[in-house]
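Next come two complexes built around chain A: one with chain B, the other with chain C.
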Partner chain A sequence: MKVSALSSAEFSERLAGDGIRLATGPFNCRLQSGIPEITAELARLYAHHPLIDDTRFVDFHVAIQPGHGLRRWLRPQSRFIVDAIEPFTPLPRDQSLPMLEWGLNWCITAYSQHILVIHAASVARGNRAVILPAPPGSGKSTLCAALVNRGWRLLSDELTLIRLDTGELMGLARPVSLKNASIDIIRNYAPDAFLTQPVHDTTKGTVALMAPTQASVDAANTPARPAWMVLPRYRAGADACLTPMGSGAAFLQLADNAMNYHILGARGFKAVGHTVDQCQNFSFEYSRLDDAIAIFEQLAGDET
Partner chain B sequence: MNFLLAALRDPTSIRRLSPAEWDLLVRQARHANLLGRLYERLLAAGLEADIPQRPRNHLQSGAIMADQQQYSIRREARLLRDALAPYEIPLILLKGAAYVAAGLPAAQGRLFADIDILVPHERLGAAESALMLTGWQSSVTDDYDQRYYRRWMHELPAMRHVFRGTTLDVHHTILPPTARLKPDARLLIEASVEIPGLPGVRTLALEDLILHSASHLFHEGEPDNLLRDLTDLDLLLRHLGRDDSAWDALVVRAERLQLSGPLGLALRYTERLLDTPIPARIRTHVGNDTKGGAGQRLVDFLYRRMLRPQHPSTADRFTSVARKALYIRAHWLRMPPLLLAYHLAHKAFFPPKPETHPPMDEKKAA
Partner chain C sequence: MPSVGIRYAACDALLDALPSILWKSVDEGWVRFDPHAGETLLLAPVTRFILDQLSIPGCQLSEDALIQAVLQEEPDADPAECGTQVRTALEALLDARLIQATSH
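Up next is the complex of A and B:
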């Protein structure tokens, strides 16, 4: 049964009560919230995710709750809680949804050392995946959102998960976080995609969340093999151009963007090395999304 | 239901857990900082195949985290030795860092917040400047706290390394000078032993490590780590018990250091909660087989609650009272009444700021 099978009344009631229990790829989550204004958008963002019953193991018990005392009403705040722990300071209440996504990402990076976690977007075609590691502002999320709306399967827009044993990528298929100018770009590029109302003045500027495509969520548990590592950079007016990258440079890019490289020690070194060996590695400059997508189509078509 | 304690006492109990019970076990172990240690314990009991995949991911993550920390502790130990050596100050490791460097079973899956070292009181100033020269800075900025540590405490305010971010507690003795019990630090230093294979790096003798662990737990243990500290004691005592005569030496040593009280509590609760094997003559000697007087029963009442994972699923209606009572008891044992009143009044009027952070900004959270 999927989240979309719940009526909006059932969804609100569960969210405010025992919680919505759902699977996001390899992680089971229980979401609770006493903030009613997020329910409608939350239900749309996670519409395609499978519900799990309350006898199952849950990886992250998370909640977004109103601020304490006066902060419920006066410049209201919301708090992110994971199993009675509050890892962050509260945020303004209108940032509840982005906070939930940041919080879930925090859970993955803080609690998951059994996999290599890379700060990178990843999308797949068939069973072959492209990893897009990049610093903020490089257009990684925009590119990722565009690809997902042109037939690529979303694995993750923020955290790429690599198994230490098989080297395969695991999909999360959670909402994509779009920032500032990329919100309107994606609205125009993919008018059918569901985007939340923009939330202004977050630490990352204006943020809107895009729901993953149903195909991505349905295939979240199908692993993918890393085939390309592409380091994107948006430059106004640039022609789309793919430049091969040496494996040494590619290794450093991946290791530098790995959240737990320093914790995994030798295991991390092996996992990064294995990933770089399996991938064709490139740096990529672009300005127009259509050109960029065409280049990725070529990549995917090159070898089958 | 305390699944964590059940699993620590009898690892095979995990065979009977449902997925929802595994869920609680993992959460309890995380709150008690015992994920890694539980994993090692289950592996040692040959139960690897009985751990389902999802909980295994969490337990293994805890163990990997502990591995990484132990690697950096060993490295820090060498760097600290080199920082202190030019001033002929010996490096004596305490608590977790000592277990790791000496390769004791109590290092198993242990997580760290900081490294603790012991320096002779008369060399404290020299040690502090030697450490500052190699990049360690006092992390306490509040004037009151600085004065508090330097006048009343057994350690300097915590130091933090500017590049590596590691935290260091420099002790000159193991209990505050204001405490009612006054173990003589010179005896501890005299009995310290060099770690084979790590020239210039010393730890307290095994008996003293046990007595320090006990006095720490029952004087100043942080509530979230009490159960973790008790499992340290369990592992240390089992290690000591390989030689039956060491038990008597431990009791004598405790008397010499004025630490028979904490040792008695340590033996009482390790045996009751973790089934630590203790010879009958020692049990009788410390009164493990008696219920004790009213005072003992009150202390039992408090520790029964606090030696649980500090997770909502194991709390009852007395947990928060027990937490407050032990906070006051710890301070009562550490300071004379007037100083205690002054200190608690200061903390009530100027409460410390809570330690939370803004949400993950990309890699910062890592």
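Up next is the complex of A and C:
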């Protein structure tokens, strides 16, 4: 049973009560919230995710709740809570949805030491995946959202998960976080995609969340083999251009962007090395999404 | 800056870490990972060669001796180019604090 099978009244009641229990790839989450204004958009963002029954183990019990005391009425705030702990300072209440997504990312990063977690987007075509590690502002999420709306499967726009035993990528298929100019770019590029209303003045600027495609969520538990590592960089006016990257430079890119490489030690080193060996590695400059998509289609087609 | 009259030797930290160092061959040379220091370095082949030469307890070698060691491995190499590569490698290893320079 999927989240979309719940009526809006049922969804609201569960969210405000015992919580919505759902699976996002390898993680089971229980979401609770006493902030009714996020309910409708949250239901749309997670519409395709499977609900899990009450007997299943839950990895993260998270909640977004209103601020304490006067903060309910004076410049209202939201608090992120995981397993009864508040790891962050509260944020303005209108940032509740982005806060939930940032908080879930934090949970995965903080608690998942059985997999290699890389700060990178990843998408797949068939069983082959492209990893897109890049610093903020490089156009990573924009490119990821565009690819997902042109037939690529979303694994994750923020955290790429690599199994230590098989080297395969695991999908999360959670909402894509779009920032600033990329919000309107993706609205125009993919008018059918669901985007939340923009939230202004966050630490990352204006943020909107894009719902993952149903195909991505349905296939979230299907692993993908890393086939390409592409370091994207948006540059206004640039022609789309892939440039081969040495495996040593690619290794450093993945290691630098890995959240738990040092914690995993030798296992992290081997996992990064294995990933680099499996991938063709490139840097990629682009400005126009259609050109970028064509390059990725060519990349995927060349190996079939 | 490496110069005449100076000898190079491994830092204690390098020798202590030797048993646990992991290496991976890559297009540009080698990736060296020290799990205890949490340090990952990308080394050119000649840089690893020099590091290996110096990774013997008590070993101290001059720049000339290292150049000769490289030329012995690669007899066809241009000595001037080889000298440049060795000096670059020594600077990289000094910056990474894997080796130290001592005056004699």
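Just so it is clear, the second predicted complex is superposed on the first by the 304 of 304 C-alpha atoms of A that agree within 3 Å, B and C clash if a C-alpha of one lies under 4 Å from a C-alpha of the other, contacts with A are read in each partner's own complex, and residues count from 1 in each chain.
Keep in mind that, in the parts below, contacts are C-beta pairs under 8 Å (C-beta built on N, C-alpha and C of every residue); 3 or more make two chains touch, one makes a residue touch a chain.
Remember, predicted model here, so these are calculated numbers, not experimental data.
Engineer: After the superposition on A, what does A:34 contact: first (chain B), second (chain C), both or neither?
Structural biologist: Neither partner.
Engineer: In the superposed arrangement, which partner chain does A:137 touch: chain B (first), chain C (second), both, or neither?
Structural biologist: In the superposition, A:137 touches no partner, neither chain B nor chain C.
Engineer: What is the contact status of A:103 with respect to chain B (first) and chain C (second): first, second, both, or neither?
Structural biologist: So A:103 only meets chain B here.
Engineer: Contact-wise, after the overlay, does A:59 reach chain B, chain C, both or neither (first, second, both, neither)?
Structural biologist: first
Engineer: Touch check for A:246: first (chain B), second (chain C), both, or neither?
Structural biologist: The second partner, chain C, only.
Engineer: Name the chain, either chain B or chain C, that contacts more residues of chain A.
Structural biologist: Counting contacted residues of chain A, the larger count belongs to B.
Engineer: By the touch definition at the top of the document, which applies to A:88: first (chain B), second (chain C), both, or neither?
Structural biologist: First partner only, chain B.
Engineer: So, does A:126 touch the first partner chain B, the second partner chain C, both, or neither?
Structural biologist: In the superposition, A:126 contacts neither chain B nor chain C.
Engineer: Classify the contacts of A:262 with the two partner chains as first (chain B alone), second (chain C alone), both, or neither.
Structural biologist: Both partners, chain B and chain C.
Engineer: Intersection of chain A residues contacting chain B with those contacting chain C?
Structural biologist: Common to the two interfaces on chain A: residues 262, 265.
Engineer: Help me check something: in the complex, which residues belonging to chain B touch chain A?
Structural biologist: The touching residues are 18-20, 22-23, 26-27, 30-31, 52, 54-58, 60-62, 64-65, 67-68, 71, 311-312, 356-363, 365-366.
Engineer: For the complex, give me every residue of chain A touching chain B.
Structural biologist: 28, 54-59, 61, 80, 83-89, 91, 99, 102-103, 105-106, 109-115, 119, 136, 203-204, 257, 259-260, 262-265, 267
Engineer: Across the complex, what residues on chain A touch chain C?
Structural biologist: Answer in residue numbers: 246-249, 251-252, 255, 261-262, 265-266, 269-270, 273, 276.
Engineer: Applying the document's contact rule, which stretches of chain C touch chain A when the two form their complex?
Structural biologist: 22, 24, 26-31, 33, 35, 38, 40, 42
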